[in-house]
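Here's the structure we're looking at; comments come further down.
Chain naming follows the written order as A, B, C, D and E, and within any one chain the residues start at number 1.
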Amino acid sequence: MPKTPVIGIADTMFARADMGSLAEQTIRREAPQAIIYRVTVPGIKDLPVACKRLLEARKCHIVVALGMPGKMPIDQQCAHEASLGIQWAQLMTNKHVLEVFVHEGEGKNDQDLAEVMRNRTIKHAVNAVKLLTDPGWLRERAGTGQRQGRANARPLKL
Amino acid sequence: MPKTPVIGIADTMFARADMGSLAEQTIRREAPQAIIYRVTVPGIKDLPVACKRLLEARKCHIVVALGMPGKMPIDQQCAHEASLGIQWAQLMTNKHVLEVFVHEGEGKNDQDLAEVMRNRTIKHAVNAVKLLTDPGWLRERAGTGQRQGRANARPLKL
Amino acid sequence: MPKTPVIGIADTMFARADMGSLAEQTIRREAPQAIIYRVTVPGIKDLPVACKRLLEARKCHIVVALGMPGKMPIDQQCAHEASLGIQWAQLMTNKHVLEVFVHEGEGKNDQDLAEVMRNRTIKHAVNAVKLLTDPGWLRERAGTGQRQGRANARPLKL
Amino acid sequence: MPKTPVIGIADTMFARADMGSLAEQTIRREAPQAIIYRVTVPGIKDLPVACKRLLEARKCHIVVALGMPGKMPIDQQCAHEASLGIQWAQLMTNKHVLEVFVHEGEGKNDQDLAEVMRNRTIKHAVNAVKLLTDPGWLRERAGTGQRQGRANARPLKL
Amino acid sequence: MPKTPVIGIADTMFARADMGSLAEQTIRREAPQAIIYRVTVPGIKDLPVACKRLLEARKCHIVVALGMPGKMPIDQQCAHEASLGIQWAQLMTNKHVLEVFVHEGEGKNDQDLAEVMRNRTIKHAVNAVKLLTDPGWLRERAGTGQRQGRANARPLKL
């Protein structure tokens, strides 16, 4: 566990709401001692290398990557390419990147979409802080149906 | 074959049942001499780098990665991305990661879903121990239709 | 921020309009001090390695990759392969490649298609210059629904 | 061409017939001087790293990877992930891995399925030996519609 | 630009016509000074590592990879895997591999299929020589709708 957590935030101009600032506020509240670096790129396919640069050049311990895939079929493919890029960025650096993607089509309307963005951004910003400073917090919730963006799922007994 | 097997377990908060603890119990029973490291991450897309860290920083000889993809179409894509990440993690470390994914839609109902999770988790935890300590056990079962999660398939003569 | 920005342009013979020259003019206007290297390859699947060579052999700080996937189903798959290649090229070099792909089927007719190509090429050429020389310009536009090729989307409050 | 060919065989417990033993017999008949290493893993997604270990730790010159994807839609995705893993294993080692995958749904019935498995296994085991010891044998058959598993296709004149 | 171009040709036994020999003749005619290395592999999924070996062990400056994906749905997936492998082979070596894939289902009949194979093979063999010896030739054709296999597309003004 790092003494001073260094946390990166990468977001996009494409997204229809400023999830990056919300992630920043959440991290400041959860980990006031953290150093935060933030970069904004055009769209989700520009996120993977931006994350890798934060992890390497800025020596971030973890990055939160926020983006909003559009609602056309091609946008699903772009999200898939961005997600694979984020996988490689993590494996090449041995550090976590928490992907906070909210698909434009996920919301029933603009208000609902904003609610999903808010919920998922806050929960994953908390997850990033916990992964870095309190892994036992995640361990206690193993297999309990935690969801980001919507209500949690019902846990089952094995 | 390592004298003291070091086995990693990576699981998620997203899954609706605690497959990680069941894997842990099974490994303790099958290989009481093993050292076990366990980490919990938010969801399946966080598993690949968690596995790679277990294999490298913790020097695990093998990892069991447990997760539950949700039932929406996008969840299939996430599972695919996580699986590709797990492929790379293995190839970059030359070690096995046994993927124990149970799709939320696989069960006919909650009880059946729990049964699939239980069966697949136990069988793959045993497979992990055997791969590490008794590869001949797998060799004897080559091409015999072994299944994890459901009953075995009928073997054919060539 | 580099004193003298070195910007690469990679385009194709396959595309039905000369987006490369338009990108070149835009960059010359936005960053008269920039050094520009340009290469043309047969089709989009030849772009990733062309970009990587510009980033490494030519020491470009950033590359704009312009291409036009055709309208057959197989062309979508080719675009996907090219995009994944561009992801890897970026992650292997830690530098951005802005992908300017205009799908042949995106336009309602030839005039509309040309308009999308013009709009997306100019906006992404500007983005490339800004990423290199003025990252705050992108930061100010975080989460504001910026689009390339079409009109911007309506931003939401979180 | 190596003096003593070292050939790896990787197969699975999941497959419904013992293709590994048939590959082994075929290689012994075609290249009695060869050294053969064989490993068995649970399923097809465990093959790529198994192949890479055979190529590196066992110094195999080539590997034959045998597996049987199941008949559910998810099994197609697993086969795709395994195939991509095998691509990387080859590129990371600069050696060939011949993939012998027989999809459970390929056969009209069990007898036909066994026939496809037999035919494809034997032909690819021969291909592996030829690639290593007699590349001219393949060169003579370039563009002649050779098939493994079924009858050859009709060649065309260019 | 290399004094003596070294050009690789990789083709398959699976393809229904000998595109490799046609590529060879075309290169000999376009670049009589070139050194040519040719290898034949079983199918398209064996091409990526064959290309990488030509680029590294044989020190080829460029490779032309010729193959014919079959007409079953699974063949599309194989082509996709081969194409991704070719992307990585290029990025790992910083050299171009021109992919000349003709899908068996592309032709209206055998004669038409042969015509597509002939046209695409010759045009891409010329492209390979030009990329190596005369990049300005491609630059002059940027954005002009050049096609391989069929007639060129109509260019648009931007």
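One rule holds for everything that comes next: a contact is a pair of C-beta atoms (placed from the backbone, for glycine too) under 8 Å apart; a residue touches a chain by one contact, two chains touch by 3 or more.
None of these values were measured; they are calculated from a predicted model.
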Legend entry - Steps in the shortest chain-to-chain touch route ending at chain E and beginning at chain D: 1
Inset, instruction - Would you pick out the chains that touch chain B and also touch chain C? - result: A
Inset, instruction - Please state whether the interface between chain A and chain B is built from the same residues or different ones, using more than half shared residue numbers as the mark of same. - result: different
Legend entry - Separation of chain C from chain D, taking each centre as the mean of its C-alpha atoms, in whole Å: 41
Inset, instruction - Could you give the separation in Å between the centres of chain C and chain E, each centre being the mean of its C-alpha atoms? - result: 25
Inset, instruction - Mark out which residues of chain B touch at least two other chains, giving numbers and ranges. - result: 80, 84, 88
Legend entry - Order of the ring members, counted from chain D so that chain E is second: D, E, C, A, B
Inset, instruction - Using the touch rule from the top, collect the residues of chain D that touch chain E in their complex. - result: 76, 79-80, 83-84, 86-88, 90-91, 94-99, 103, 124, 127, 131, 135, 138-139, 141-148, 153-158
Inset, instruction - Can you check the complex and tell me which residues of chain E touch chain D? - result: 11-22, 38-42, 45-46, 48-50, 52-53, 56-57, 74, 77-78, 80-82, 84-85, 88-89, 92, 110, 113-114, 117-118, 121
